[in-house]
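In what comes next, chain A is part of two complexes: it sits with chain B in the first one and with chain C in the second one.
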Partner chain A sequence: MRLIGKEEVENIAIGASLLGTGGGGDPYIGKMMALQAIEEHGPIQLLDITELDDDDLVVPLAMMGAPTVMVEKIPSGEEALVSFRELEKVLGKEIKATMPIEAGGVNSLLPLALAARIGLPVVDGDGMGRAFPELQMVTFYLNDVSTTPMVLSDEKGNSMVLNTINGVWAEKIARSATMVLGGSVMNAIYPMTGKQAKDSAIYRTLTLEEKIGRTIKEAKKNKQNPIDAVLSLLGGYRLFTGKVVDIERKTDGGFVRGTATIDGLDNDKGNNCYLEFQNENLLAKTDTEVLCMTPDLITVLDTETALPITTEGLRYGARGTVIGIPSDEKWRTQKGIEVAGPRYFGYDYDFTPVEKLRERVRENDEISVGN
Partner chain B sequence: MRLIGKEEVENIAIGASLLGTGGGGDPYIGKMMALQAIEEHGPIQLLDITELDDDDLVVPLAMMGAPTVMVEKIPSGEEALVSFRELEKVLGKEIKATMPIEAGGVNSLLPLALAARIGLPVVDGDGMGRAFPELQMVTFYLNDVSTTPMVLSDEKGNSMVLNTINGVWAEKIARSATMVLGGSVMNAIYPMTGKQAKDSAIYRTLTLEEKIGRTIKEAKKNKQNPIDAVLSLLGGYRLFTGKVVDIERKTDGGFVRGTATIDGLDNDKGNNCYLEFQNENLLAKTDTEVLCMTPDLITVLDTETALPITTEGLRYGARGTVIGIPSDEKWRTQKGIEVAGPRYFGYDYDFTPVEKLRERVRENDEISVGN
Partner chain C sequence: MMKYRLGIDVGGTNTDGVLLDREMHVIHSLKTPTTSDVESGIYHTISKLIAESNVSAKDIEFAMLGTTQCTNAIVERKNLNKVAIIRIGAPADNAIKPLAGVPEDIKSILNNHTYIVEGGHEFNGEEIAPLDEEKIREIAAELKGKVDSIAITSIFSPVNKTHESQVETILREVLGEDVSISLSSEVGSIGLLERENATILNASIIKVAKMTAEGFEHALKSNGIHAKVFFCQNDGTLMSKAYTLKYPILTVACGPTNSLRGASFLTENKDAVIVDVGGTTTDIGVLVKGFPRQSSIAVELGGVRTNFRMPDINSIGLGGGTIIRVDGENFTVGPDSVGHRLQDEALVFGGATLTATDVAVALGKVQLGDPKKLQHLDRQLLSNIYQRMVEMVEEAIDKIKTSADDTAVIFVGGGSVLLPDKINGASCVLHPENGGVANAIGSAISQISGEIEKIYAISKENRQEILDGARQLAIEETVAAGADPEKVEIVDMENIPLAYLPGNATRVKVKAAGDLALA
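Coming up: the complex of A and B.
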């Protein structure tokens, strides 16, 4: 257990947004909520997963909704509390700790805000190691942790307890309720034992997020290239550098879907990169090659500042560097790829790890150079 | 308390369908479920509202969904039981009796089927005295009985407990969940005390339905006009007689909306009647006059058999007699008209009781005759 305060939260916000692969909501909102809660209630206890007792009740907190809506509708924190208290009633057991469900600007930081407010420890882990758009896209689901009972609350005072036959139904029902309720809700979801958390969660996501933020800041202070520094930390790849020249984006069925076109600069001059997203970036390709695909991570960093740009923040003229990061091995299993691989999202590709795709790109470059 | 068996159920099915004003679902399905349950478990205890203790827990059972879907998806009864047991858990109290939420082919009879199956008494009353398309359109709501906690279950095994700030939100959330879940669900809804039932319910709806069915049958046996007989029983009016020549109908947002055009026969020859419906018939008018409007009851009876025709059953060429029946006084209050009057459904008319509209029609006819 260690305590985390404002400086850690600032760094976590940066790292969460980077692992959030363009989705996961505006890091500013989550950060403000967490900072304010620390201001009022003091630092937060961060628990390593190994510190959980096997029968502790751990409940992830997740905001659900399209990030476009989250920007307009800042949650009070009261909804999260309602969801937790209701779930405790349903389960007849006290919640021992919360945990982020995913890495992302909002969903990494909201559990911290709730934790500070009610003095609950936060588990240093999550269910994705990145962000994904649907509720069943978590390693908990891959490990057969039940999505429900889950409680979903809105800021108006409406709440519902769901019991579904599987996570896909939970996703469908909760998504439709979210839209009816005005676009975003707070979910107490995937209630699990300490044992289940140990078996299924991705470990130390918050610590990694904090390191990412610190690495970027320190590189800048030391006049090093912050993108190089963060790629070295994460074992990632620089996929493409350019300028955003076109964005198509629409809110559809509770998701933000779209494509961004990036016109190459520097080494990529003369080339285009196309980013396909559905809340999160899911596929990066050029006219001739696929650069990276889900479940591997695709993030756009501001080429100057190395700060992550969400799909919402992508603007015409923005100079961005697209990076690719291998996903956790849990996602690269057959079940992981079924649940969150390219075909699930309608892209007609077999999943190929980003490191393999890089080899091919390098070979092609060598052939081109040799010609 | 009296016991009701198969013959009573047959009559109730006819009366429920008539009071169902075109909606409330296919009377065949509800009847079959109730008859089968009586076959297996014996007759059902029907309780007069006055027999309830003030602190008894009474829970209406209501199927929600578009009647088009109900026709294709016959419920097993298991969903209803799940909803009742879940609600008992939430409230920590045993349910003493159930009650129909509305008069209608399905929703009058499903509570009987559940009651027979689990040996629960049924209260002789309902929340509408007719059928209406939305959950807040009940006299319970007019009397401030809370719509929630309510439990909604589907045939797949999904369920949800709703707690909403009012009935309109319950309607919105449940409607959207219903659509996601495949078009129809079973709701345990408006849990109330015996005292609340006494204050807010419409009394003796099942007994009235039974009388309607018996009146139609006996009139036919005695070679009397069954439509005259039923109008005399209900204090209703013959509004229009003709042949269905056009039907527009679409399933939209969980409702069946449409218009039927009826070409006049006999006294109405040369005239057209237009029936506007949204699950239920809500407005009947000719080219020059409004004949009847919600919350008053508008039902189409087969001109030959006097059996009610649902909006689903309206077919080109069908010969129908449109009748109008004054609604319960609870609906004719300011709040009743706000909740279920013509303007709520988008018709630009002030509510005028059917008996007033009939006077006007008669005056106009006399003027015409005088010319």
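Coming up: the complex of A and C.
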């Protein structure tokens, strides 16, 4: 166990937007809530997953609804608390710790705000290691952890308990309740034992986010290239460097789907990169080869500042470096690929790990140089 | 008898002035250095304009001022009002307090009277909780004599502003007309923290706005001018003095806007990229249908995150006074500048600093000062530096465009003579006559605007009728504000359906603008 304060939270927010792979919602509101909670109640206890007892009750916290509502109707801070207290009543057991459901975007910061407020430890891990758009796209689901019982609460004091036959029904009912309650609620969801957390969570993602933030800041301070520094930290790859020349977007069933075309600069001059996204970046390819595909992580960093650019923030003229990061092994299993691989999102490719794709690119380059 | 209008633009370095006749011909223009008290600089510009043009002071019927004083007050934390902050939104909104994330030096000035009260609305306009009127009365009594300006922000007030208006009414009952009241629904859009910050900043510069407006009126009167007075806002239209004193934040960034509008006027080009080269920076913006494109992201002002309407401007550190440092074959361009000391410090003027102006003079791009003072410089190095300067501008133009297509590029501002007639990414490059005072011209030609925002129950049958009615209302507002009824047009219209309200409730927002009506 270690304590984390404001500086760590600032760094975690930078890491969260990088692991958000272009989506996940702006972590700003979550960061500000966590900072205020720390100011009022002191630092947060961060628990390594291995420190959990097998029968401890661990409950992730996640917001549901429109991020645009949350930036206007900011939570009171009570919502999450009510969800947790009500779920304890249902389960007849005390919650030992909370945990982010995803490492990307706003949802990785919200559990920290709750944790500081009520002195509850946060488990250093999550259910995605990145951001994904759907409730079942969590490693908890891959390990058959039940989505419900779950409790959702609004800022007015309303709360409801859901017991559903599966995650799809939980998503359906919770989403329509969210609308009635004013467009943004806090969920206590996927309650699990310490044993289940150890088996199904992705380990130490908060620490990783903190390191990402710190690495970018320190590299800039020491006048080093922050993108190189982040890549060596994450074991990632520089896939393409260029400038955004075209964006196509359309709204489709709650997703913003689209393609960004990036015109190569420097070593990539003369080539184009096409970035396919649905809220998050899911596929990067050139005219001749695929560079990286979901569930591996694809993020665009501002070439100058190394700060992540979201799919919303992509616009003509932006100078970006596309990076690819291997996903956790849990996503590279047969079930993981079924749930969040390229075919699930409608891209007709067999999943190939980014490191394999890089080898192929390198071989092709050598062949063309040899010729 | 000839009648004239006077346009003034106060920048960091120069105060520019221009006189136009009723047909909008430029009669005379000039620049004088901006003074630290601003007012005397404005006075000198006006008196010099009158003297050199032989226009009679009494024939000036309109006077427009674009000024950066409100921006400067925020950036320098000077002369700010004592502000009270009221947020309407409890029980929601408690998890992040007002002024969170704002730099400490300005927070400590503004954060002395802060309240979060029950009330606010949902995204669909329904009440989250009724407004706690009793609490507002208590607060009003507490604030009596303690503050002179109050900022009010309610959840989803851009959708439903009734709680903000109710609070204003109660505060007026208790505190009278002497306090200034700023409502967030008049200032910003969705995004509570950013809109609240913008409203607080607005409340903090009421005093500065008053000093500025009265200073301008005084400078006019001292020159014998009895014109109708207007102030420029950052969307390229004018505000009356009364409105300026209520919402001075809308003047922020009116300078770049005036340059864009002036460039458009001088070239009769309504869609183009404008490059305004000053002494220290080059500001690049985009004209769409004759008005500046608005920024779509949160804009920081004096280190404070805000979301009020701002022109989308890309600034780079390149201007006439930009300092060039040479080390063998290597060199750096800026970002610092000798600024208004160009006449003393540049090599061509006998100074000791190599500036962007020297580079252009040495290569024969422009004739200024004494080129002989530059003979010792290496030609190849100079053309490398010049090429780098041009590339900086090309890159900045490319970043602000929305497509890869070439576009018309207009160069204005005092330093624009340094730039070439051809540039990558431009379908044509225009260097208009009088481009050096495009900002003052933009100020003088500004139009009057009027805006309405209402929620209507729209059905298929009445849709056309309601939208036509809304357009008519906006036009009437604009005419009432002083526009010529013959020359008013609708410049912006949005209608946003509000989900989950019975009867297809739709928020309709219409903005009209037109030329000033002549007496």
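As a convention for this text, the second predicted complex is superposed on the first by the 332 of 371 C-alpha atoms of A that agree within 3 Å, B and C clash if a C-alpha of one lies under 4 Å from a C-alpha of the other, contacts with A are read in each partner's own complex, and residues count from 1 in each chain.
In the analysis below, a residue touches a chain if its C-beta (ideal position, glycine included) is under 8 Å from a C-beta of that chain, and two chains touch if they have at least 3 such contacts.
Since the model is a prediction, treat every value here as computed from it, not as a measurement.
Participant: Is A:D246 contacted by the first partner chain B, the second partner chain C, both or neither?
Facilitator: Touch partner of A:D246: chain C, not chain B.
Participant: First (chain B), second (chain C), both or neither: which does A:M179 touch?
Facilitator: Touch status of A:M179: both partners.
Participant: Give one of first, second, both or neither to describe whether A:Y347 is in contact with chain B, with chain C, with both, or with none.
Facilitator: A:Y347: touches no partner chain.
Participant: Just to be sure I read the superposition right, which of the two partners does A:Y203 touch: chain B = first, chain C = second, or both, or neither?
Facilitator: It touches nothing on chain B or chain C.
Participant: Just to be sure I read the superposition right, which of the two partners does A:E78 touch: chain B = first, chain C = second, or both, or neither?
Facilitator: second
Participant: Between chain B (first) and chain C (second), which, if any, makes contact with A:L162: first, second, both or neither?
Facilitator: Touch status of A:L162: first partner only.
Participant: Between chain B (first) and chain C (second), which does A:Y274 come into contact with in this model arrangement: first, second, both, or neither?
Facilitator: neither
Participant: Need the overlap of the two footprints on chain A, from chain B and from chain C, as residue ranges.
Facilitator: Chain A residues touching both partners: 156-157, 179.
Participant: Under the touch definition given earlier, write down the residues of chain A that touch chain C in their complex.
Facilitator: Residues of chain A touching chain C: 29, 32-33, 35-37, 66, 68-69, 71-78, 113, 155-157, 179, 182-183, 243, 245-246, 313, 315-319.
Participant: How about chain B: which of its residues touch chain A in the complex?
Facilitator: 86, 156-165, 169, 172-173, 175-177, 179-181
Participant: Using the touch definition from the top, list the residues of chain C that touch chain A in their complex.
Facilitator: Checking each residue of chain C against chain A gives 89-97, 100-101, 120, 122-123, 128-129, 155-156, 190-193, 297, 398-404, 499-500.
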